[in-house]
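Some structures are shown below for you to check.
Look for subunit A in each of the two complexes below; its partner is subunit B in the first and subunit C in the second.
Let's look at the complex of A and B:
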C-alpha cells in the first residue's frame, strides 16, 4: 500500500511518523496529568480513599479563602518586584561587563556561579545570614557597630524582599549572559555611524541599543516571569520551620499547593489551586507573547 | 539456588507470583515498611533479626522511605497489590487508612481486646473499633523538660519542678549584649517545635481547661483557661524581661544543642541526637507542674498494622511478626535503641526504667498524658504558630488571636470529619 503513494504522500506519512513520537510523549507526560489534575479539581480525594465528585466546591472554597488571596498577592509581588529589578540589574551589569576587557572571562564566571549553585544550599546559607544575634552574619555585623538588629525573616514586611533577594541574585548570572549575547549581536556599524554623527551616550543607548535588544528583553521577561510565578525552593528552604511565614507573608501559590496536597492531603483542593496557577501562567505568557508579536 | 525443572520454570515465568509461592512453600517472605529515621531503622533491623531466628521459615524484608514520600508510596502500592504486609503509620492516620481499606483488623483470638485494654497504656485504645484493634504501637513518646547542666550551675539554680520555678530559673540564665539583644535564652520557645503540644495538652489543661471536647471534634480552648495559658506562654518571649525569643538561633533544639539555651521542652525522640552532641551536659526532668501540683503532658505514637494485601500464609506470618514487635522484649529493644518508651506499663514502669535519669521523666509523664486526635497535624500546628505571630508581629491582643485560632481550627476539624463521613 505504501508503495502506491505519491512522493508527497510518502513525505506526509514520514512527517507524521516522526511527529507521533513527541505527540505521544506529550500526551503521556504532559496532557494526561494536566487533564487528570483538572478532573481532580472537581473531586474530593485524600490520596488514600475513593474520589468523590464535589462539583465546584473546591473552587468556591478557594475564592472564599483569605489565605489564597494573600498568597495570590504574594505571587504577583514576587513577579512585579523580581522581574523588573532583576532585569534592570542584569542589564546594567551586562552593559558594563561588555565594555570591560580586563579579566572579562573571570568576572563573567563570577556572575554566572550563583546560577549553577543549588537553590537549596544557597537558600540555607542566606537563611543563616539573616538570623538574629548571636548567629546571623548581617545582624552580628550590625550589632558590632551598635545598630539594632533588623528582623529580616521575622517581619511580615521584610520577609518577602529578604527571600526575593537571593532568588533574584541566583537568576542574575543567566540573565547577564543572555543580555551580553544580545549586545554582541548588535552590528558595530550602527555604533560607528552614531559616533560619526556625534550622538550622545544616552541617545545611543535609547535609540540603538535598547530597541535592538527587544527580542532579548522579551525573552528574559517571559523566562523570569514564569520563574518568579513558580517560585518555591527559596521560600520553602528559608522558612522550613514555618513554611511561607511569618503569617503567610512569603507564601507563594506553589507552596500553598504543596502544603494542601502533601500536608493536608486534600488533593482536590490542591488541584483546584493548580488549575488557577495554570490559568495565571497561561494569561501572563499570552500577554507577553502578544507583545513579542508586535515587534 | 537449585534448578527448577523445565515445566515448573515455564509455569513460574507464566504466572510468576502464584507459582513462586507454591515452589517456595517453606519460606514465606513478608514485607515491612516504615519511614526513614536512623535509630528506628536500626532498632527494626535488630527486631527482624531476632524474629527470623525464632521463626526460620519466615523472612522479613524491610523497606524505608523519606518521611515526605511515605504516605504517597503506601497509598499507591497497597491497592496495586504491591508493598508491605505490615506497615507503620502515625496514630493520627488510622481513620484514613481504615476508610481506604489499606489495613485490616488484627485477629481477635491472637490480640484479644480485653487483654490489650488491660496491658497497654490507655491512649492506645484510640486504635480500637468495637471488639477489634486495628493497629498497635511498639513505643510511645511524651514530652519533658531538658536542661543544660552547666548553665544551671553557673546561674546557681536547681532543675525546676513548677512553672514558677521554671520562669525564675530561665530568668537567671538569660543573657543579653550591650544593645539588649539576647545572646543566651533561659528557655527556648517556638510553636513550630513541640511547644504547640505543650500548650494544647499541657498548659491549657494545667490552667484548668480542656482543649477539645466531643472526642477532639470540637475546639474548646477559647476559654479563660486557654487565655491564661496563652498569656503565660507569650510572657516567655514578650516584654523587656523576656527569657526567650521566637526564632532564636533558627530553631529551639539548635539553640539547646549549641548550649545557648538553659531549658528546652522536647520529646523522648530527641535523646539520641542530644547524646551525640559533643560538649553538651544535659539532664531532663518532668514537665513543670502548676503551684497546686497539676501536671499534664502530651503523648503520641506510631503503630504497626497488617495491610489488606496480606493473605494466606503471608497473613499468618504477618500476625506472628505483629505479635513479636508488640512484645515486651521488642519494647525494651526499642527503648534502648531509639529512646521511645514502651507502650505497656508492665515494661515501661519497671523500676529500672521509671528511675532511669533519662527515660524516667518521660515515662512518669505518660501517666498523665493526653493524645490529641489531629485531623491535619501540620495545619493545626500552623494555626498555633500564627496565633503567636499575630501577637508578636501585629500587636493583636491574646484574646482576639486565641479566638481566631480556635475558629480556624474548628474549620479544619469540621472539613475533615465532614469529608470522612461522606
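Let's look at the complex of A and C:
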C-alpha cells in the first residue's frame, strides 16, 4: 500500500511519523496538565480529597487578596528592573569583549560560567555575601572602610534588589554570548564605510550597530522577561527561613503559587494563580514581540 | 580633485611582508585599475590608500599632502566596497546622505546634493526604498552614490562588480566608465578580472606577490607585456608559451624550425616565445608548432583549435568555416612581429 503512494504522500506519511513523538510528548507533558490546571482553578481541592466545583470563587478570592497584589507588583519589579539592567550590562560587556583580542576565549568562558552554575549554590553563596559583620563579605568590606552596615536581605526596600542582583548576574553570560554572536554577524565593511564617512563613534553605535542588532535584542528581551517573570530559585534559597520575606517584599508569583499549593494545599487557589501567571507571560511576550518586531 | 602618489609603500603583518615597497604616480582624473590574482596585495594597497590600515613604511600622497597619519575621513577619498556596505535598515536617501553626516552643509543643501547624485545615477524615484527592495545593480548604484555625494578627490573601488551576475557586470562596467567621463574624479579600481581592467582603465597596474609587475595603458600591457606573468594574465585565452634557443642570431624552436627575427638576441640563451592564440593559425610560414588537433571549439566566426605539441596544448585560431579535423596534423605559424620573446630563466621580456 505504501508503495503505491506518490512521493508527496510518502513525505507526508514520514513527516507525521516523526511528528507523532513530539505531539505525544506535548499532549501528555504540556497540554494535558495545562488544561487540567485551568480546570482545577475553578475547583476546590486539597490534593487528596474530592474536587468540588466552585466556579469563579478562587479568582474572586485572588483579586481580593492583598498579598496577591503585593506579589503581582514584586513580579513586575523583577521584570522591569531586571530586564533593562541586565540587557544594558550584557550589551556593554559584549560590545567591549568583542573588541578584545587578548585572552578572548578565556574571558568569554568566565562570563559564561555563572550561567552553568547551579542557581541554588549561587543563591547560597550570595546569601553569605550579604550577611552582617563578621560573616558577610560585603558588610565586612564596608566596615573596613568605615561605612555602617547595610541591611541587604533584612530591609523591605533593599531585599528585592539584593535578590535580583545574583539572578541577573546568572543570566548575564548567556546574554553576552548571544549579543556577541549578533555583533559578529554585522559585516566589517559597514564599520569601515562609516569610518571613511568620518561619523562619530556614537553615530556608529546608535545608527548602525543597534538597529542591526534588533533581532538579537528582541530575542534577549523576550527570553530574559520570561525568566524574570518566573523567578523562583534565587528568592526561595536566599530567604528560606521566611520564604519571600521580609514581609513578602521579595515574594514573586511563582513562590506564592508554590506556597499555596504545597504549604496550604489549596490546589484550586494555586491553579488560579498559575492561570494568571500564564496570562501575564502570554500578554507580556506578545506585546514585546509586537513592539520590537521588524517594521 | 587631485593626483595621488605612493612611494616605497611597504605593509607587513607581524613578520609577513605583503607589499614590498611599491611606488606609483596617478595623475589627476585618471582611471587606474589594480589587477592581479588573489593575494597579490591589490586590495591591501587600496585599504592603505583609504587609511583603513596603516602603512608599515613609505608614503601616500593625495593632492600634494602626505596622508599617512590622517584619518580616512580627512583624506578626501570615498570607497565603494565589494559587498556595497549599504545599511539595510536605512532608505536609499539616508544611505546616500550618510556620507554627508559630518559635512557642514545646510540641511537643504544636503538634500539638494542627494537629489543631484540620485539624478546622475538615475535613481531619483528609488530614494524612499529600502535596500532589500532593490536589485543587485541598484544596490551597487546606491553604494556609488554614497561615495559620490561627498565629491571626493579620489574614488576607491574594491572589487565592486564581483557580486553581480555576468550581464549586469558588463552593464555596470560601462556605467562606471561613463560616470568617470562625466565627473572626472580620479578613480582607483581593484579587480581580479583582467577583462574589467582592460575595458575600464586608462592605465592598468598588474600586481603579483606584493610587487608591481607592470604599469601601462591597456594597449601597452596587452601588446608589450613586461614579463611572462603579465603576458599570461592579460588576454583570454591566455598567451601560448613555447620554448626555444637562440642560435646563430636566429630562434631555434623546439618544433625544429628556425625563425630569423632579424633582431639581435643574446647568443645561446634559452628563451620563451609567447604568441597569442589570435595570432597563431594554421598555414604556410615559419612553423612554430607542429602537432595533432586535439579539440575544436567553434565560436562561429572562428574556431579555436587545441594542438598537442611539446608536451602541452597550444591554442590557435582557425577559420570558422573550414577548420582542421580533430586528429589532423597541423603546422601553426604567426606573423613575426606578433611574437613575444622572454628570457626563459627570469621571465622578463627581451623584445
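As a working rule, the second predicted complex is superposed on the first by the 277 of 295 C-alpha atoms of A that agree within 3 Å, B and C clash if a C-alpha of one lies under 4 Å from a C-alpha of the other, contacts with A are read in each partner's own complex, and residues count from 1 in each chain.
We take it that a residue touches a chain if its C-beta (ideal position, glycine included) is under 8 Å from a C-beta of that chain, and two chains touch if they have at least 3 such contacts.
For clarity, every value in this text was computed on a predicted model and none was experimentally measured.
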item: Subunit C versus subunit B on the shared subunit A, clash or fit after superposition; value: fit
item: Comparison of subunit B and subunit C by subunit A residues contacted; value: B
item: Touched partner set for A:198, first subunit B, second subunit C, both or neither; value: second
item: Which of subunit B and subunit C A:211 touches, first, second, both or neither; value: second
item: Touching partner for A:189 - first (subunit B), second (subunit C), both, neither; value: second
item: Partner chain(s) touched by A:156 [first = subunit B, second = subunit C, both, neither]; value: first
item: First (subunit B), second (subunit C), both or neither touched by A:245; value: first
item: Which superposed partner A:146 touches (first subunit B, second subunit C, both, neither); value: first
item: Subunit B and subunit C, minimum CA distance [Å, superposed model]; value: 52
item: Subunit B and subunit C footprints on subunit A, overlapping residues; value: none
item: Subunit A residues touching subunit B - in the complex, by the definition given at the top; value: 44, 46-49, 52, 127-128, 131-135, 139, 143, 146, 148-149, 153-156, 241-242, 245-248, 259, 262-265
item: Residues on subunit B engaged by subunit A in the complex (per definition of touch); value: 68, 71-72, 75, 96-97, 99-100, 102, 177-179, 181-183, 190, 192-193, 245-251, 260, 376, 378-379, 382, 385-386, 389-390, 393-394, 419, 422
item: Subunit C contact footprint on subunit A (complex, rising order); value: 187, 189-190, 192-199, 203, 207-208, 211-212, 214
item: Footprint of subunit A on subunit C - complex, ascending; value: 50-52, 71-74, 77-79, 81-83, 85, 87-90, 98-99, 101-102, 146, 150
